[in-house]
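Presented sequentially are two complexes of chain A, the first with chain B as partner and the second with chain C.
For the complex of A and B:
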């Protein structure tokens, strides 16, 4: 048949098909009673970076697991590179060219970094790469991700959470990929490492590869993505062009409500210079401010300067810094998990007496509570129910002769779940909750005990934007009741919105201690890199 | 300019070497190796003829089945599973060789050995099928097999009897200074070392370490599980051959007692029952420890029942020691990593990060 007979629309359609890497239509999946995914629709173009947005439990991870061959859909279909695809296993998806970084940092702690990058590429018996190919491949990938010096023979358990997360990214990019999917693959990274990863993703997309990612950080989404697809309750409600929409549009699509979006716009306003939200701060009552926790001449490392901070009742102290500069050591010293090299951490009790913290138990007894960062490894009991995970810490308080007062604990749970809009039933195993909802459970466990000092290590990782805003309010109300909070975060904007003062740690020393009212994004970044924040113009 | 540049090179590399030592994946074996050495010395003290004993071939005959049993029990544990049927399967092999194969004229080693190994592979595959595809818990599935072989063994041969092929008898003799069984051990060691250089061994450790990580990374978890149970069956059957060589006949009741020994050997060998770390070497060492204890107490004329008491005590001591050493190792490793992190941070701070601001 002569080519000229074909109508011009056919060419356009062909062209569209060629430009489309992945087309998802009406994808659905249930887990028992839960309709995790109802009707998800999405197209991913060649060379595109595409964001998948949605509140906690909206089905993002479920969709991603289907595309990656981890689980099978109940309905709907997807086309990959022009033909219908249905992957029987993650191996099949990887073979076709879809590489995925999962939301949970899935690693084997006892095995080396190299093994953790390459396991799964082999056949049952045959290695796909020689040892030397694996070594050079691992080095190349880690270089690209900004971890050049990492010893690839180290066992994984010795790595920080951020490093572990980057190793799982390395695992994905050493496989030959056409589509890279990142399910909150940046949630544990600091600004510096995130920029490195973004640069890598942009390079790859300019070569025609495609990236699909989820993130609860709007600035990140708008910075990196060209288009955004929004899921709500398992259904695609919109796909928008970044150039033609705003934070509030997307947040509104996510929640289906209006007022929350306006709030977020204010807090995140523009991606560059993030300012504190004065309205929220001003509403807070003036506080008497007796000291509750005193960090006195603490040195974290051999080469670092001693630091002293006094934390007052009702105060929220932010802690910032690039990954691995000593923030975690500081926070762990505060709650007795590790002893600083020098100096003392002192809790002041109601009667004004000083008590030096000597151990984690001791800190707990004095009312200092710690919310760890890595929920999978440190915080949650995966096979236990949501409710049990929530109530476990209340045991000491809510028991009669060693038996939990379930009624009282239930009531506490109901209130908290409502407040944070926790999606899920109290009886399901906590590991079947969506990632952000797991984080809420962990948070609820400790806050419901009303400690004197609550030490939070990056507590809002994986929590969606609207809920974050509610949790900020929640933290503020805890502070207003007189609780002191220490808040370690990798997100500067969050610290500016929430805290009263911000301590910036650099190379184990406190580079700056700024009242938040005087702080700006630029000042904090300067201090994070070891410069004097006041010199920043 | 950079502080790190001032540090002597060999300081950095010695730091690296120390890290390497601390994170060595064979570190788990330190307690069983130590136990073996100590027990060996004590044996020498109690019975000075121990090292040069005339009946070394006889002693090896007792030791070698322990080694194989220990290794067989270890393999499924590494991938996060368990196999209870190893002992009675090995016991049944003595009957298979003496009362099934021999009467039908199959005696040549080049026939018997492949048949025995094939039997083990098949038996292990059946275990694996019920665990992987029918999703029975490993203990239940393999308990079924345990009972099956025990029953079959006692039905076919209620008491010790039958004869074994001549070459198997001669395995208990020495060739030069070397008892025959050690050739089997050496042969197996070569096969296993080759096998553990393939992807299979890493696949087994990943599946034992974190099944979800393994699956999502592309490991064929079912195939790995299935083949590890199959291999376990094969090792169990080699253990059975060694048992036949030891008792020079078939015996349907001999296998069961090796079940507890095998589990003890795994624990003594420093193998975590959670899976994901260790190696067959640990199980073999654990088997050797059991042998050395038995030998010591026999030489000291202590009753056979006391052996179990001592086994129990040593097991608990060894496990506590293992835990303590592991804890200390981890602490040391963490500490020296923190130190090197500081120097790395200094380095990075000087070269990379600042220029990017």
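For the complex of A and C:
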């Protein structure tokens, strides 16, 4: 068609097309019976930071995997930079300029940081860049992400989860990209690191690059994004402008329920009625107030001060701190995974006798259970079913001469699944559940056994806002029945809502131990940076 | 309303065809057993007689029993390369000592004792030395092989009880069952192995350990104990196969087990159990053993030598592993 004959609207449409980096319409994808995506629609503009929101299992990761060529859609339209796109492989998407950080931190633990960053960029035989290029590229990327000075020859497994997550981001940004997709790429980061990453993303977007990210934290979404697209049950229900929207609007779109907003208020207020746990979970009588775990003069590092904490039945103790300050060492010492440099960790049994924890197995036997942080590496059996993943720890109890009591375990599972609204079939492979639901399976593994002390290492990573609220209630009800909980979290807000006391760790020592009633965000942040929380104004 | 992107053309590109839906990892091995059987009936004249079918089943039983322990160790995240040597050791032990006048009870007690010792060593060595079972069982295999060869040195005479011969004879009976003992033993032990993996605590913990050893430890799985049980079962099964082999030949031969170095793994893999651990079942290995036995019989029937047989088995493994590999979608792992 000769250009002169085109109506003026066509030019406007062209302009919109130029501004649009990527657009999908009515994207659909099923896995067997499960309709993971029904009709997803999304436009990502040039230079835009766009959030993809939705409850667990709403199809965010599925959409992202389609955009990045990991899986193919069953139907729908996909435009990338003005033309129809259909990526046959992640490599093709990468080549076209779409770089993705997947929800599960994909690493090869034995390989070095450098190899993990450049893995897959080479041809079969020929290296596409020289060693020195790789080294400087890796350093540059890590600098930009706030990990300067990280030894890139270290094997990946020696890194903390947050560092690993940043390395997977580095992996995405060392390749030339126009669109960066982060599927919960910030979930393991503390506030400090997160701000660094956000600064990098803002810089990139000001250069005309586009970012699409998912996060279950509303504050993050509203802080970083310009627009938000909300998915519910695989369908786009809204795309809103951050400036014209509120947390409760978005939460309501996500759940389709009115009470989402009310729930959020409750979270902030920290109150709310406590729903009682299912009967099988509530076996032990409540004996709140009696000590169950004693940390006595424990030193975590050579230079650190000894700390003492007494944990009582029914108490929820929060643990806070910036990444790498010793919180993880502390929780690992509590459950016998590592021995502290000095001091003792003591479990008090029902009869009031003291036992020093000597090993993880010993701690387990005495009712101290641990929910690890990195669900993929330390928690889940990817090839096993949901039920097997849930029940594995229960078999010690639920067997008769080594023969499983499957019926009893099924009953436990059903009660737990109903209580936490765990979707899906118990027989599907756990790896086919959405991230948040995988996390619920892990939580159920131990809570269904009703331990005396439950040590949780950042347990609500990747869980959506509404489910989080439900799980807070769940934790409260466990505490109400006499369980003691130790709750390490990178989210201060979460600790303020859930815990009774908060221990803030700084450089291996306990900088503060605050009753939550007297704690504020400011006091905790001050303590995290090594200041006296009482001096905070 | 229909978007072209969801039309039939796209479905042909992206959807799975009807054929590939019927033939999948789940069904392919099961289909191969009757297909190959049909092939044998068609190509081997006079194959369809009771004695040739029973002979085929004896072959499959020997391999199936030897692969029983292999299946368990692979599911648990290891592998047992000492199986052939244990078979050889058991074979010369029973043929020589029975000829020396030892009572059968003594011989069996010694065999059980030896199997437990070998099992414990095979289980503990990888943990203590921090070397994969692939290496340590290769090592124990050589040591056992050496002992067996030294023990049998110069002896060519041996003796086995007559009933043992009938357990591996195509015309043998077991009580009222018109089948030789080894087939009956295989059926019983197969049922036990399948139940063991499904319904016992150790079985489930074995899967967990194979799927993710670190997570297993954190979930309270008794990895060491599980490995000891599994490797001991493997050594016991290998001993049992050695005893049956003795019934076959009646002469001491420390090398009888050697073909099983690869064949046990072949049976496991062809059945569809992943070498990576954490998945699979013994049912699959039963199918795998039947397929390998059929393939071998077929090749022998058309006058292929041992070398040609091995070549074909090798090609079969690669083909099947490729098909299985295709099916596991990376998208479920991300």
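Rule of thumb we're sticking to: the second predicted complex is superposed on the first by the 508 of 537 C-alpha atoms of A that agree within 3 Å, B and C clash if a C-alpha of one lies under 4 Å from a C-alpha of the other, contacts with A are read in each partner's own complex, and residues count from 1 in each chain.
Here is the rule we use: a contact is a pair of C-beta atoms (placed from the backbone, for glycine too) under 8 Å apart; a residue touches a chain by one contact, two chains touch by 3 or more.
The shown structure was predicted, so the numbers you read here are calculated from the model rather than taken from an experiment.
Enquirer: Based on the shared chain A superposition, would you classify chain B and chain C as clashing or fitting together?
Expert: Superposition check on chain A flags a clash between chain B and chain C.
Enquirer: Once chain A of both complexes is superposed, is A:508 in touch with chain B (first), chain C (second), both, or neither?
Expert: Touch status of A:508: first partner only.
Enquirer: Please work out whether A:91 is in contact with chain B alone, chain C alone, both, or neither, and reply first, second, both or neither.
Expert: In the superposed model, A:91 contacts chain B only, not chain C.
Enquirer: Using the superposition on chain A described above, determine whether A:153 touches chain B (first), chain C (second), both, or neither.
Expert: first
Enquirer: Once the shared chain is lined up, is A:445 touching chain B (first), chain C (second), both, or neither of them?
Expert: A:445 sits against chain C, while chain B stays out of touch.
Enquirer: Determine, under the contact definition given at the top, whether A:372 touches first (chain B), second (chain C), both, or neither.
Expert: Once the two structures are laid over each other on A, A:372 reaches chain C alone.
Enquirer: Go through the superposed model and pick first if A:45 touches only chain B, second if only chain C, both, or neither.
Expert: After superposing on A, A:45 lies clear of both chain B and chain C.
Enquirer: Determine, under the contact definition given at the top, whether A:106 touches first (chain B), second (chain C), both, or neither.
Expert: both
Enquirer: In the superposed arrangement, does A:72 touch chain B (first), chain C (second), both or neither?
Expert: A:72 contacts chain C only, not chain B.
Enquirer: So which chain B segment collides with chain C once the two are superposed: 6-14, 114-122, 168-176 or 312-320?
Expert: None of the options clash except 312-320.
Enquirer: Taking the contacts chain A makes with chain B in one complex and with chain C in the other, which residues are shared?
Expert: Overlap of chain B and chain C footprints on chain A: residues 70, 102, 104, 106.
Enquirer: State the interface residues of chain B toward chain A in the complex, per the touch definition above.
Expert: 16, 19-20, 23, 25, 198-200, 202-203, 205-206, 209-210, 212-220, 223-224, 227, 276-277, 330, 333-334, 337-339, 341-342, 344-349, 353-354, 356-357
Enquirer: In the complex of these two chains, what residues of chain A are touching chain B?
Expert: Residues in contact with chain B: 68, 70, 89-91, 94, 100, 102, 104, 106-112, 115-116, 119-128, 149, 151, 153-155, 157-158, 171, 175, 192, 301-303, 322, 324-325, 507-508, 525-526, 529-531.
Enquirer: Under the definition above, what is the set of chain C residues touching chain A in their complex?
Expert: Listed in rising order, the residues are 3, 5-6, 10-11, 14-15, 199-202, 204-205, 207-208, 211-212, 214-221, 274, 278-279, 329-334.
Enquirer: In the complex formed with chain C, which residues of chain A make contact?
Expert: Answer in residue numbers: 26, 28, 65, 70-78, 102-104, 106, 360-361, 364, 370, 372, 377-384, 388, 391-393, 395-396, 399, 402-404, 406, 429, 431-432, 445.
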